[in-house]
Each structure stands twice: as structure tokens, then as C-alpha cells.
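See the structures that follow.
First subunit A sits with subunit B, and in the next complex the same chain sits with subunit C.
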Partner chain A sequence: MKNMKWLVLSVFVATFFIVSCGQKEEAKVEEKKEAAEAMVYKLGMCLAITGPTSDAGDPMSKGAKDYFRYVNDMKLLGEDKLECDIRDDQYKTENTKRNFEDFLDQGIVFYLNYSTDSTQSLKKDIEEEKIPTTPASYHAGNLVDADYIFLPIASYSAQAIGLAEYIVKNHTGGTPKVAMYVHSSAFGRAPVADVKKAVAAGLDMEIVVVVEHGKDLDNTAMLKRLSKKGVQYIICQTTQSPVATMLKDASRLGLVAKTFGEKGKITFTGCHYTGGNDLVALAGPAAENFYWTTSFNITSEPGVWTDAQLAIAKQYGRNEKTAKSHNYSGGIMMAQVATEVILRAKARGKKITREALYDELLAMNGVNAFYPVVTVGPVTYSKTDKAGVDTLQLYAVKNGEFKSVGKPFIPEYTGKIK
Partner chain B sequence: MSTNRWLATGNYFTSYKDEQRIFITHLDRTFFSIFISLLFIWPLLFKLSNKYMLVIDNILIAIVAIIGLNIVTGFAGLISIGHAAFMGVGAYTVASFARTLGDSHVIITHAWPLLILLSGLTGAVFGAIVGLPAMRLKHLYLAMATLSFQMIFTWTINFLEFFNQGQTIAISNVFWFTGKLGRKDHYFFWYYVLLVVVILSGFMVRNLLRTRYGRCLGAVRDNDRAADAMGIHPGLTKVYAFGLAGFFAGIAGALHAYVYRGVGFESFTLHHSITYLAMAIVGGLGTLHGSFWGPIAIMTLELQMESFAEYAGRILPSDWNLATALKPLSFGLVIVLFLMFEPRGIANWWRIARSYTKLWPFRY
Partner chain C sequence: MMSYFFQLLVSGIVVGSIYALAALGFVLIYKSSKVLNLAHGQIIAAGAFITYALTGWVGIPIYLSFLLSMVITFFLAMSVEKIFLRRLIGEPIISIIMVTIGLMSILDGIIFLTPFGSVNFSFPQFLPQELISFGGVSISWTQLVGVIITAIMIGGFSWFFKKSTVGISMRAVSDDQFASMSVGISVPRVFGLAWATAGLSAAAAGGIIGNITGLNFETLQAFGITVFPIVILGGLDSILGAVVAGIIMGVIQQFASGYLDGNFGLNGTAEVLPYIILLIILLFKPHGLFGIHEIERV
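Our next item is the complex of A and B:
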């Protein structure tokens, strides 16, 4: 009887032990399953949300933030989540560097940067860390000696050459006289040399002068000087604010061409960061007939991109100004590219690492090109092509809104001067 | 001299030489040695992330620069608002080598201690040249002269192709006895280099102040005519002061170039010059340890404000753009408050704390 008691007790203890171990194992398996099912992919973004150029950086940060939230809310990556730490560097390279180091410590797999200076300053670190990076600076120089930097859209050089080509094609009466009005920084000077190369390569245009602007509040003297020199077109590579000041002065002086290339007047054109709704808001009626090129679709024209962008902005409570900003589109687009490469790597069953995302970026061409709704063309990358959207669209301000002029195009001379 | 060299509570100096001792008591020396040892040991015990190592490195760079600024502004009483430009001279000396020989040339990667020293000397030459107007100018007029150097520096770097028009000029990783320095150990390694430079700079200035020239600085600051009457050449003393300030700024600039692995114009603007001046004021003008307190206080404040602004930005409507206002506001407020209530800076708090512990348990 005593043995029987012991036997029953032993069986009970053994059963309890096995069951509890089994439960633990089950729990472990369940945890592992969950872990395997729900991964968190860390990304980092550093840009000027405050301080200089924050008029572009702030909506951009909101665009990226909203899109990453949208991806998580809509479960575009299944149970997996994207965690993008978005930091403000106040347009100071030292802050960018510090944030970048912090992101690396956190184990990010993709990095989104902002300014030209900080991108160039981080270039060596990016290359050594082998971390795929997309900057909001479209400076072609970012790609020199860099394998892991990918421009989201056509470079400033391509944009300025695109404008120059349009001027040459649509100008009547001899060689057009052009001035370049650029920001006194790497960002501003970026396309000057390439436009000159395009001219040397046969683009029939005369660059009369390159003006590096300061913080002038009045451009009367400069505009009169340019007019006296016979300048018919100005290609601007700067931010909206100085362009708005110049347009107001030109308008006051009666120098703005009412039609493209109007004789005796100046036709003003500009690259990506010169235009958009902010320019119209700053320059008012003086912005009329300003020609602007970018690779983005804009919200002042109906289309699926406008609906999509406004829907996301509405979903996350953004005001109208932000929702319609092309910089908001820029932020969305950068986030889209990062999400897309993660999606593709996942679809191939790859572990999400920097190297896997880098490979996916390089494979993003041909039939694998990526079509974000917010751009006028597909995003393509390869070992030799690190500029995403090669296509540009020309817009002009008509009745206080930017409207498309012609079809999207790819500048010819960007290839010729390589 | 006190009979107890460990706890001398009182003034027992019997000669000037006695008074000029670096360490008054053995206890001072012991504490200082322990403190320095801890500074060398702690990174080995507590591994900090790269982010914080970079912050600490940055503080140490600023300390070297402020030691220089304190010589000219604190000890010699000459206002300089072009200190960042002197730093820039040092940084661009390294960058010039990188542009001419390539950023991975052996001079940059192997002979970096010499290059840092050379940058210091270049800074000293520029400092002395800019200091020449100090022979004739004082106060606001001198401030304008130093400001003009900042402007000239800005223009030169921004427009000359040789300096890449202000864009970043890359500097390669350096070699140490163990081989080429990897990214992982980069900030860790430079922490030790910076620490050695800071300690050497501190001792150099401390010793300088014990020399005839050191006393000349104070004399010229207090009354240059009286100093002249005493046989001191006020003009040359001021030029030396600028030269020395330029030397330390040049060293700091070269260190900045190596730590950040690149030289860009953005790090040496007028804004930086003003910030360095603020660091010297908050730390305590005319005191050596003020040069340490200032950068620590201002940089920590900046970091805290940044975190606070980020936190506030999450709560408050983004249209308020609080962070834009918060940093300059706090920065300005700190300077105004210090000028109003503690013009002698944090160094004075340190002096009070020290004298209290020195006299303990007696209050007076």
C-alpha cells in the first residue's frame, strides 16, 4: 500500500513535470513563433525640422512619419513593424553626425538623410558601415566615391540641365542668354559645372553670369544688371525665399516674361527646392509664369497621387499646407523606397539586413523598377545608376497654381556629359 | 609654510615661489591624480555608445579651444569674436594636406601628431597677425578687427576651389601602433588623445601663468599704461596672447578635423565664435578651470534642450516650432543670467566650494 502511494505520487509528480515542461516549451515555441512573425525593423531619419531650411525639412519629416505610420497601421508588412526614429538636426552637420551614431547604436538597417553638407560629411561613415542611405539632397556629388548613397530623384544637375534643354528647345532667335542664380553653398553650386559641361558638349546656350546670392532683401540692382547684359532666362538653384524676393523685384520692375521666352523680358526657371506651394505663398502674384522642374507629381493637379497624398495627410491630421506640399511628397517618397526594399527582401525570404536592402536597391531596375505614386516616373537604381527617378516634369505657375507644361522628360545631356 | 602639507587650512605662504605652487597641499595633488586616473580608466570600465563618446570628444575639443580663448579674453582682457575662424585655420591646415596629397596620405594617417602640432603653429601665426591691430586697438574696435578676420575666413573658405568651397574635405582614419583605427574605436581612441591634449594644455597654461609673461598678461589686462610704465611691452604681450590663443584654437581645429573625419566650413562660423565666447563667460573668464566648466555646461545644456524640445514637440502642436525658439532662448538666457548674477562664472562656484572644504569644519 505504501509502495502504491509512492507510485501514484511519483506518477503525479512526473506528469506534472512533463506537462509543465511541455507548457514551457509550448510557450517558448509560441514566443519564437510570435518573434518570427512580428519583427521590428529600425530605420533612422535626420533632417532640419527646425532652424534653416526647416520650411522644407518639416513637411518632409511629416511625410516620412505619416507613411511609416500608414505602413504599420495598414499592416503592409504583415505583422512586422517599421520603427523610424526621426530626429531634428537643426541643419547642423555636427548634430546629424551625433544622431547618425545614435541610429547605428540602435541597429538601423536603412538611413534617410537630408542636407548636402551632412551627406558629404557622413559619406565615409556610410560607406564603412555599408548602410543604404537616401538623402533629401539631390546633389550629384553625393554619389562620387559612394556606393551606399542613393538619390531619390534626378540630381540638381539633371534638373538644371533639363531646364537648360527646355530653354534651348523653346527659344526663338539665336542663342539664348542665360544667368544662373544659385545659393552660395555646395547645394547651390552643385549644378553649375554640369550645366557648363552641357554647354561645352553642344547645348546651344550662353551662360552670361553665375550669381551667388546672399541674404539680399532687394535684387533691383542685380536684375537691372542682368537685363542690361541681355539675359533672357534665369535658372535658379536655391530655396524658395530668395527666389520669391527676386520675383517680386522683377515683377515690380516689369521684367517678368508673360510667356516663355518673351522678348525683352526675363523668364524665370528653377530646380526642385525653388518651387512648390511655398513659392506661390511667398511671392504671390509675382510667381506667375515661374517655370519649375521636379520629379514629383504635385497636388495642384488632379490625379491618383493627389488623392493618395491628401488621404494620408487627412488620416494623420495634417493641415492643408503640409498636405499639399511637395516636400511632404518628398518625405513620403523616401519612406516608400525604404519600405519597398524591405517588402522585396521579405518576399524573397531574406533576413532584413543592410546588405539585403542594398542588394534590393541595386536590383530595382527594368521590370523591377518601383513606381511610387507621388513621382512622375519610376524609381530605378543599379550599380551604375544611383539617381532614383530620372524623369522630370516641367511646371509653370498659372493663376496662382503650378500646372504641368508638356510631358515628363529625361534630359539628354546628363548622359552626354558623363 | 604649513607644518601639515596635507591639510593646510590657512595661508602659510612665505615666498612668491611658495604661492605659485601648482598644488598647494599634498591632498590637492592626490585628488588631482586620482581624478586624472579615473578619467583614463572609466572608458575601459563603462563602455559608452559612440553617440556619447562623440559628445564627450566634442566637449574636450571645445575645452582646448576655450583654454586658448581664455588666454586672450580672460587673462589678457582682449575681446576676440573670431575664435572659430582660428580653429578653422587649424582644421583647414589638415584639410590642405588632404587636398594636396590625398586624404589617405601617410602624413595625414601616420604623422597626425605632427600635423596637429603644425596646425597649432599655423593657428598661432594667424593669431599673431590678427593680433597686430591689438597693438593700437582696444575694446569694441578690437572686437571689430577679430570679427573681420572671421568674415575674411568665411569668404576665403567659401569661395576658393582649393578649400572645396566650404564643402566637406574628407580626412582618413589614422594609424596607431595597433594598425589602422577602425570606426568602432574611433571616438574611443580620440577620447584618449584629446584627454592627453587637454591635460597638457591645462598644465601649459597653468605654468605659463607662473612665468613673467603670465604676470604680464594680467598686468596688461588690468591697466596697460601702468604695465607699460613697469617695463612691460603691452603691444607685444597682446600679440603673444593672440598667438597663443591661435595656437590652442589651431590644435582644437585639427582635432576636430580628425574626430569628425572631415573639414567643412559649417563648423567654424560666426555662430561658433559667439558660442565659444559664451562658454568662456559661463565657465569663468580669467580662470583656467573656467575653460573646463564652460564647454561642459553649455554643451550639456544644448543637449538637454534638444531632448526637451524633442519631447515638447511631441506634445505641443508642431506649428508652434518650439525647438527653434527653445535653444537660442535658453542659450541667451544662461549668458544674461550669468552676466547679471555670476559674472565670474561657474569657476567662482568651484572656488567657493573649494574654500569651504579647505576650511572645513570652520566656516570662515
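Our next item is the complex of A and C:
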């Protein structure tokens, strides 16, 4: 009986030992398998593919979609894949919120948003979830009380200040008289306050009037009023459609300056969303001599950068209009930044988490700045700088196409008014 | 100083006339069916896009495209009425208005399936670029042609409702559907025709507005709502009311923009003042300037 007890105990111990060893081996094999297995990183993007402002949102969604497909097809992340769920919010913040909640349930590590309203509305959630986010709205207010929001390019305020600085530098004969023509929302109003701060800080310019436009069919009264007050320059911060109507009216009234700062006429200028091919399509010949600033390279100024963009568009069967849209570039650029931080985190052997990507974004400066070919300057972020491309390029419509005016520049007063 | 005043006045009349044309579609449907078509802005946009498609893609001259788009929109609106609204004859008005809200979403969806939903276009230039000037006041050919088309359309529809048999039968249906049926008027036919004529006028408005603003869906469809206060001010069932209210609104906007904005610390009054005046007028004339005040004897 005693022998029997010892036999049972020995068999039990031996079995336990064998099973444990087996399990350890299995765990090691699993670990090796996991290391070899391709990872899928989930991202979310929500923007207006239909509805108001979809003329910008639709090509932007295509740009992001094509770039993420390109990353996967070209195996830029090795065997790992990016899975970006791109959804339409029809420019309705409630839809954006619903989609964002859904993205969180999917476990996204990076979020790409769109409008000023929805970014402001999601700000608290973004901060709570600590999810790195890049919006297509370049509203400086997006960065207030926000750690996890990163603007892809210079803010509208920086763009308006850049235009103001260019006006001051190139104006002859006293202090230039400027009007601002803006959208009646935070998107339109924010740059007004910042340009006023730049003037208070020493920018030698007089803001004669700020016009918040409506749905005007005729701007005769407004243009004649500005002309009577001696306004020589208008800085626009809105969308293309109202600018196109205003340019048509100004052209009809013979008020458009043929050269920058022409005396007795008005030189029209505008920030990112006022210009591009869509403005030329809407305003036709009246768009001639409109000055526009953005941080993107554009296809009417061909180069290696635009070749790359056009090649991606061709690869994924996009039509010419989409391929040449600066909003398509905008979508590509947002996708590039998201991909780049994943690449960098991977290269450092980090697990791809929201926190890891946030750290990579903060480290994107100095020698670690990122150079997406679609922009005129590098993307730099830090704890105190959450606007990506600080560099701007001025363009003007010549013979129906936007052409570069001068070299890329960084507005001086954005730093002075901080 | 006086030329500035007259410029604002002329610009106001021009803008007001175009508002009146855009408002006409509301009036035509309401006049015969007591229904407010909230999808009117989408039909205005559709008219403009059809004109562009015929010219830009098919290659038909713009004048012909403009006329063809009116014909196409005429039948399109008639079909919409037949498919979605015909079965609702006799149902409460609020049900029919709710259907027009649904229709708005359906038309939005259809337009978003086309390139016009997310791409901007503009009509080719077909009118002289020179200004028409007299005494320091100037208007463009686009605006002049817009005013002429508006005048023709409004004159034509006024005559149609007052003198033609079909027009009179449409007014009769509006007054009393059952009484109209009892004298042999086909109510469904009248409703179809009301929608069709509204479609025709919407296409004309779309062509003119599109020529001024460029072809941006958001901008074009917004005019359906922009002109709504004009329809209320003029009286929902009055063509003359739409014209007078349109011109009043256009002139007020121009004067507000020209004399108030930028002065006395004011801004954006051109957007607000017409609504303030609308509210004041409605306090004294609740049925609008030319709206019919129905009195029922019990």
C-alpha cells in the first residue's frame, strides 16, 4: 500500500512537471508567433464627405485614404498594417461625436478630425481619452486647454498675420488700410483678434473695418463703403464661395488691384480655406490677382513634391480635380503625420499606444522634424508648439492658376504676440 | 453722395428681384395646395446643376441649356409630386410638410452622389463683361439678364393665375379642394402642375444665382431658406407679394450694409435688419403684405 502511495505521488509529480514544461514551451512558441505576427493599428477619421464644406472634406478624405492604402501596399510598416476607419459626419457635430465614441470602442490609437466646431466640442473627450488628434481645422483656439490636439499646419491666425506682414512689407506710402472679411463663427473671428494683437505689438497697419459676411448676392454696398474709407487690402478668412461672389462684384466695379497694393484699388488676400483651385472654379477670371497663403505645395507649381502627390492619386484612380486639390494634399499630410509617429515608435521598439504616439509627436522637432513632401516646410511639434508646419507660402492667381510669390516664410509676429 | 445712394438702391432692387424669383416656387405650390415645400432650395440647386451639366458636359449652348433645364426640372418636380406627395392629398398639411423635409434629405443624397455634391463649378462666361453704367450707377449684364428673366417669369405667372383656365382652376383648388372636385377640376393634376411650375421657376432662379455665386451646392440650396422670410413677408400665396417683399429685403440689406455696417460700432446689420423689419410688419399685417386673410362663416 505504501509503495502504491509512492507510485501515485511519483506519477502525479512527473505529470505535473511534464505539463508545466510543455506549457512553458507553448508560451515560448506563442511569444515567438506573436512577435512574427503582423499587427494592425487602428485609426479613426471623421469629416464632411457630404454636406456643407464637403468640397474640402471629400478630397481630404480621399487623400488620407489613399495614403493609408499606399502605406499598406508598399509595406512601409513592414508586415504591420494601418486600418483607418474614415467616416462622413455631414458636417454635423452630433455625428462626429457618435463616430468618435465608436472609434474609441474600436481601440484607435490616433484620431483625425475635421471642423472647428466638432474639434471644440470633442476637446474634453480627446483630453480625457489622451488620444493624439490632428484636426483639419487650423483654428488657434483648438490648442487652448488642450494637450492632445496638434494642428497640421500654421493656424488661421498665423496665416492672417503672415498676410498682414506681407502687406506691411510691400506697401508704399504710409500705413496700409486693411479690412478683414470673415466668416461669422469662431473659425472666422479668431484671426481678427490675433491680427489686432499684432498691430498692437507694432505691426504698422490700420484695421479699418471687420466685415462678417452673410449669404450675399451682391457686395456692391460693402465694397463701395470700403473703397470710400480708403481700404486698400482685404484679408479674407472664410470659405471660397463668399470670396468668389465678392471678387466677381469687385471685378465688375473695377476695384481689383492688378498689381499688389495698386493705389486706388483693393488687393484681395486670404487664408487657407479661401483659396485653391475651387476659388478659381467659382470666381473664374475674377479670381485673377487674388493672393492666398497656405503651408501646402500646390500642383500648379510642379516639382518633386507634387509629382509624388499626383503619382499616389494616379495609383488609386483619382480624377484630375481631386489629384490637384490642396485639400487632397491636406488629407495626405494628416495621414503622413499619423504614419510617421507609428513608424518612429516602432523604430524605438515601443508598443504602439496612444501615449507612445503622443510622445513621438512631442519629440518631432529639431533634427527629428518631419518633412512631408506636400508641405512647404517641416512639421515640428513640442510641448509648447502644437502647430505643425510653421512655414507659409504666398501664392497669387496668374492666368487662372495659383503661382508662388516669393519664398516660403514664417510670420514674425506670431511669436511676438504669444 | 447721391450716386452712392442710387447704386445701393439699384443693387437692392436687383438682388430683391432675384430673391423674388427664388421665392416664387414657394408661392406657386402654396397658392394651389397650401403646402410649404421645404425642399425648394434643393430644386434651385438641381436646376443650376442641370444647366451646367448640359453646357459643360454635353456641350449644348448655355442659353439652350438654361431653357432645357427649366423643362427638365418642370418634369422632375412633377414626378416628385406624383411619386411622393400624390397619395397624401387630403391628409393633414403638416404630414405633407414633413414629407417635404424627407424629400430634402433624399434630394441632398442624390446630389451628393453626383460631382456637384462636393466639387465647385462655374458657368462659362457668356455675357459681356463690360458694366452697364448710367449716372454713376452700374450693374453687370448678369444682373440685368437676371432681372429681365425674373420680370418675364413673374409677369407670365401672374397672367397665368389671373387669366388662364388652368391658373384659375389652380386657385380654385387652393380655395376648396372638395368644391373644385365637384365642378370637375382634377385636384391631382393641379397639384402636379403646381409642383412642375415651381420646379420651372426654381431652375430659372438656380441658373441666375449660380451665375452670380458660382456652383456650390451649399450656397445654392441655402437660398431656399434665405428667401423664406420674403415669402412670409409678401404673403404666402401672393406673387406680387413675393416681388414687393423681395425688393424690400434686397434694398434694406444694401442700405444696411452701405450706411450702418462699419459705423456706430455696428456690423452684420444687413443680415439682421430685414428680419427685424419682417417682425415689425408681421405685427401689423400677420398674413404678410399681400396675403389673403381668410374669414370663414360658421
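Methods note: the second predicted complex is superposed on the first by the 382 of 418 C-alpha atoms of A that agree within 3 Å, B and C clash if a C-alpha of one lies under 4 Å from a C-alpha of the other, contacts with A are read in each partner's own complex, and residues count from 1 in each chain.
The rule is simple: a contact is a pair of C-beta atoms (placed from the backbone, for glycine too) under 8 Å apart; a residue touches a chain by one contact, two chains touch by 3 or more.
Being a predicted model, the structure only gives us computed values, none of them experimental.
Participant: Since both structures carry subunit A, what do subunit B and subunit C do when superposed there: clash or fit?
Facilitator: Here subunit B and subunit C cannot both sit on subunit A without a clash.
Participant: Looking at A:Lys224 after the superposition, I want to know if it touches subunit B, subunit C, both of them or none. Which is it: first, second, both, neither?
Facilitator: Touch status of A:Lys224: second partner only.
Participant: Examine A:Lys197 and indicate which partner it touches, taking first as subunit B and second as subunit C; both and neither are also allowed.
Facilitator: A:Lys197: touches no partner chain.
Participant: Does subunit B (first) or subunit C (second) touch A:Ser121, or do both, or does neither?
Facilitator: A:Ser121 sits against subunit B, while subunit C stays out of touch.
Participant: State whether A:Lys248 touches subunit B only (first), subunit C only (second), both chains, or neither.
Facilitator: The second partner, subunit C, only.
Participant: Could you look at A:Lys81 and tell me whether it touches subunit B, subunit C, both or neither (first, second, both, neither)?
Facilitator: neither
Participant: Have a look and say if subunit B or subunit C is in touch with more residues of subunit A.
Facilitator: Subunit A has more residues touched by C than by the other partner.
Participant: Applying the touch criterion given at the start, work out whether A:Ser185 contacts subunit B, subunit C, both or neither, answering first, second, both or neither.
Facilitator: In the superposed model, A:Ser185 contacts subunit B only, not subunit C.
Participant: With both complexes superposed on chain A, which partner does A:Asp58 reach: first (subunit B), second (subunit C), both or neither?
Facilitator: Both partners.
Participant: State whether A:Thr50 touches subunit B only (first), subunit C only (second), both chains, or neither.
Facilitator: A:Thr50: touches subunit B and subunit C.
Participant: Following superposition on the C-alpha atoms of chain A, which segment of subunit C from the set 91-99, 163-171 or 289-297 overlaps subunit B?
Facilitator: 91-99
Participant: Of the residues on subunit A, which ones does subunit B touch that subunit C also touches?
Facilitator: Touching subunit B in the first complex and subunit C in the second, residues 49-51, 54, 58, 184 of subunit A appear in both lists.
Participant: So in the complex, which bits of subunit C are touching subunit A?
Facilitator: Against subunit A, subunit C makes touches at 4, 7-8, 11, 14-15, 18-19, 108-109, 112, 117-122, 125, 129, 131, 138, 140, 143, 209, 212-219, 222-223, 226, 253-255, 257-258, 261-262, 267-268, 270-271.
Participant: Give the list of subunit B residues in touch with subunit A in this complex.
Facilitator: For this pair, the touching residues of subunit B are 49-51, 54-55, 58, 158, 165-168, 170, 183, 187, 260-262, 264, 266-267, 306, 309-310, 313, 318-319, 321, 323-324, 327.
Participant: What part of subunit A is in contact with subunit B in the complex they form?
Facilitator: Answer in residue numbers: 49-51, 54, 58, 62, 87-88, 90, 92-95, 97-99, 101-102, 104-105, 116-117, 120-121, 123-125, 128-129, 141, 184-186, 189, 319.
Participant: For the complex, give me every residue of subunit A touching subunit C.
Facilitator: 49-55, 57-59, 184, 208-212, 214-218, 220-222, 224-226, 228-229, 240-242, 244-245, 248, 252-254, 278, 281-285, 321
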